[in-house]
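Beneath this line is the structure, given in structure tokens, with notes to follow.
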């Protein structure tokens, strides 16, 4: 039914599984849209009483290496060849799927292993709970390409760790130590890779002892208190400018051609 | 290409025309989704330099009589038969299209005549400018059915007229005098019906004297300052409760069977 | 049952009537507390289905001349003789009654005639709708005493008329023309004195055509969108300083002894 | 003077002591109201220079087991037998006492031992500082009854630990490890039970080295910066729906009859 | 003492007079900085009890024709030749003077005649009260140059007239009818040119009947309630992008060379 | 060029060095203003591509002992002898320099050793990153003088550590353990004194691997999300009252004459 993801329900757990292992689960626009549609399926399962929690995890050796650069071609198809001159609709499209995950009626768990980079980490941050395997590479490396994390990553990291640590993580783009990640509140649990699913299932089971609507309304209540949708607009303003810089162009080329470090021009 | 709307571009004006005149342009889910897709078309036209402003108007004798009650059946298809037990995803779907209109890069004009009721008025409120024909019936009658305007109507009316007038309009559900509507700031201009399009075109022409990005960024700047996306969540909380009351059930039946007034039970 | 107010229910209208005509309905602490308790009665009547709207009006020649200066003695009884050194609890007590009116489940109407000054006008501003008799003296004269309106008046006037007009009204302390009051949105209707109750009843009747919970939730939804409880704290900071100035002392004396104008010292 | 609490002042410390040890300090409406009145006493003592800090602690083996289920009968007395059809006034009553604690002019310390559950923990969260004895059971178990913590617990926990940890704590309803509680910022200090009062007194003494108004204004300044009164309204919307579900009814019965686990119906 | 302005105090009125009549009071950076310093003088006069209100008015035939395009050269001096690549510090400099006017302790009056355009109107919007002579040309024409009003004009116009009218005024850049300006709340009074000073003095006199600190705190209280400093940042994001477009370059040239209309490129 | 600071650029690092070692880098008004001007220099260097990060550090044995009490005399020069009667302009002057640091386009590092007290710590909190030498005395001791930290310290500490820990730190005025400071998120790194500069340079180097505008926009994006400028106004309200108390006068005298502890009067 889906090309880049799988979905499955068992034990009242609705699972979305990233399933593009040959590309290290790089996320293209279609994969993102498929995740959005799977959320509708999960809502239906919730209303029917068939599912109570949602897991997002990945097949293969890594959770996700982040955005698939070919996505940019898809944007061109949708908004025309000058799409970079007015990035706002593109940003809004991606953000709206992340918002849909955040707003969905079921508590959401992200289970990460291997790599969880860029857009992959932004997806994780849109979930309620994050459980991570030891030694997973966790990073928001966008600034190394001349961009910022604009699919909610900046907004959602900020609210978990505050401004100073969020700036350090995003400005350097470097790997986050998973122990620090737990200590600072970015992830809920760090476990050996084999315990990833068992740990998530144990927490899911604890949550299922509580009443379904009370759980769902706890989620909505806290989300609505955050009221940081406005912040997503600030991400959009910043990115709309960065996407037009020479440095972005050079950064992407350096990544494709592996010609690091880049000689930045500051424009 | 679309079933319930038409789109057309001329003189750098992208037009979305409600086109279901036999049903007085009653809005069903599909029509709302078609409007959302047409916004993508308008964005593409904007980026390509083909369109600079967006008109939303209607064919036939009235702009719109509001939501088509058969929409509820479509919701059941999407979210299952118990959809009223957890209205949040349904509300979010409708709100997201209105948000897309509000966020689009082109200045948007709504041209109203005949009736502009309920969801039709919520659509109008999501536009930047409202031009209305004399003697148009303008109202948010949801409370007469046991509901509130939850597709952004409460949020957007509030920011135009303040709390006291917004409460009066929504609590009574009665027709708003169009002269008051202009005086209070709900509409920009009241004109004879034949002047509806000329007036809109004249204002569009004035706007086109300004630079396209300056116009678009004026819109984004002001929208982002409003930062009232959180308010849409409050609308959702209220409606999720109301949709489950007996009074809602009775209110809808009274409307269908024209058996007014309703004996409300307050539950 | 109450000393300074009357309550009565008829036609699903719960009425609170200020009833201290010999003192021009000057409001002392006890009257304010009685109003707060009457709101509990109104809530009970609403839940029982006996009342659907709430009127606040007054017996005698005027609605209210504002705060009764002897209230200050009552504050001393409650918080000790140095109460002016830390005004915050006193302000909070008065504000909490106004908040209770604003938050109550029924739509509230304030019917004003004669005078409506100071705390009387702050009471009116805490209601959903304001209907006023022609030639009523409407003012917030606190600045003439060296104070600001700190029982929500500044917050609530601001949201109706915006900053520039709110500053003019409060800084001058002068009478507001009732026609301007309607034009700017401070009051909903200006009517001849004899039409005060009929006009309110007609509007109440219109509201009762709508479902009770839809009406109540419209009110809550809009109130919760305003989210200006934080502003009441700013009023409290300002007043806590002003109450300790010499000018306040001189202003009160001038009012008692009618020795205007005051030679202000600015401290 | 009070039935369910004691108050006492020594060394400029105003103490409120929960004193219903035979019921494990279960909190009924009257106890909550008595705490509110004791805050007025504390304000008076502060203004008179007799008290500078406020302790809330408990007699007996536990701090508090949470709300006394018989409170619900008291609500019925106040608002009529259909009180659950419109929970808003009930919620507002309880929240207003917690707000009064939070807003009071003295720094407030909560000293916890044994159990601190549900409404007891919400009381603790309304204080400025929390000191807890080792091995104290700390939890917000409301979701196990089909409710959320709606007396400010959700709002105040969120601002201490952020959204992800707050969701985990409230959705599971399980016991919080006190070491994690300190590490995450829920409590200021974990100490052996016998050190509870000495630790609090030592911190109080440190605070008393600072000027009284500077201390009080530090508290007000930070509280006013939080500006999350609006969030209490979101708690109210959620709870008003949950209180009418079958699951709530079943959850309460299961608690009374100790027939766990509950078969939740999701409605 | 100042080159482009005059200051004078009489009758407790501190006056700042724009005084570059040969350039139609076009505002360069130095004039803006001089206004900022004059505010310090006014504060000193207020603290000393010598002044109670502040007037800003202009010598010559017009209030101000807006920004002096040569200002851009001054920016280059301060921030280097690439200053347009990072406009943020430049915007912040100009905004900070307007904020200083808005925050000053005295009530501020702007008296306008002739023209009041662009930066001149932004100055007016930073004042508490606006009194305007009949037939004054009032406009924010920035969009005709490819810019937005980014020195607070967008933020402050929005809060006076709401989003729909603010968008119309800024997007078209056209002249605002002064009668509409009064009706919508942009200006407090429209008077014949000769009545400009008398009307302002009469209102000032009314304000001086009130206590100086009560007046000053009314201003601070309302300003602090607005809390829209964040909006100034959104203006900065938008302008930082627009200043680098070709359309801006073409728009400025068209203004200098009077070669209207411009063929906009949308980039 | 500057009297109390030095500036220097090397390796794309712009350094501001506090240089008043004989006074333990006590900060007077002139030093603060010089820092503000140096920020303009840094902006110019950034736009020219000469500098990418900004360090603030100190010569001598300590970072800074806080405000120089003789500053108060300078305030008198600027605003007249009654300056304490209306502290708002004075507070705004100091806050505006801290805001300028916070808003500057380069990432800012504060390197602390020895003491970092009061205004010195407020300066540190206005930077993006804080690196501190082991055994540095870090405190906000204002409450021991009868004041609060009103130059942004309260606002910025709150957002790093939340309300409970911020209250404890400010109310006691005591030294903060640097290990706790790191654990709670007040500082990024605690290092041996000799590693202070190397550690900062290593982090700077990591940041310079990312594109300059992406780094700068990450900073702006996160700062704009915080939107807590309104909180600085609350600090101002509190301090304006405290500066006029007897306790403030006594607190300052006790500090000058080292006659601790103070007998506070609470007024």
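As written, the chains take the letters A, B, C, D, E and F, and residue 1 is the first residue of each chain.
Rule of thumb we're sticking to: a residue touches a chain if its C-beta (ideal position, glycine included) is under 8 Å from a C-beta of that chain, and two chains touch if they have at least 3 such contacts.
Model, not experiment: these values are computed from the prediction.
S.K.: Given the touch definition stated above, what is the smallest step count connecting chain C to chain D?
M.R.: 1
S.K.: If every step must land on a chain the current one touches, say how few steps get you from chain D to chain E.
M.R.: Minimum number of steps from chain D to chain E: 2.
S.K.: Going by residue numbers, if over half of the contact pairs line up, that's a repeat, so tell me which of C-F, E-F or D-F repeats C-D.
M.R.: Residue-number overlap above half with C-D among C-F, E-F or D-F: E-F.
S.K.: Please compute the C-alpha centroid of chain A, do the same for chain E, then give the distance between them in whole Å.
M.R.: 44
S.K.: Per the centroid of Cα atoms for each chain, what is the distance between chain A and chain F, given in Å?
M.R.: Here chain A and chain F have centroids separated by 36 Å.
S.K.: Could you work out how far the Cα centre of chain A sits from that of chain C, in whole Å?
M.R.: About 50 Å, centre to centre.
S.K.: What are the residue numbers in chain A that touch two or more other chains?
M.R.: In chain A, the residues touching two or more other chains are 82, 85, 183, 213, 220, 224, 233-234, 237-238, 241, 266-267.
S.K.: Between the chains shown, work out who touches whom and classify the graph as line, ring, star, complete or other.
M.R.: Shape = other; not a path, cycle, star or full graph.
S.K.: For each chain, which other chains does it touch, given as pairs?
M.R.: By the stated definition, chains touch in these pairs: A-B, A-D, A-E, A-F, B-C, B-D, B-E, C-D, C-E, C-F, D-F, E-F.
S.K.: Sort out for me which residues of chain D touch chain C in the complex.
M.R.: Going by the criterion above, the answer is residues 40, 43-44, 46-48, 78-80, 82-83, 85-86, 88-89, 92, 96, 100, 103-105, 213, 216, 220, 224, 227, 229-230, 233-234, 237.
S.K.: Inside the complex, what are the residues of chain C that reach chain E?
M.R.: The touching residues are 142-148, 154-155, 158, 161-168, 170-174, 183-184, 228, 231, 234-235, 237-238, 241-242, 245, 247-248, 251, 261-262, 264-267.
S.K.: Quick one: which bits of chain E touch chain A in the complex? Just the residue numbers, please.
M.R.: Chain E residues touching chain A: 82, 85, 233-234, 237-238, 240-241, 266-267.
S.K.: Considering the complex alone, what residue numbers of chain A touch chain D?
M.R.: 49, 107, 128-130, 159-160, 183, 185, 188, 203, 206-207, 209-215, 217-226
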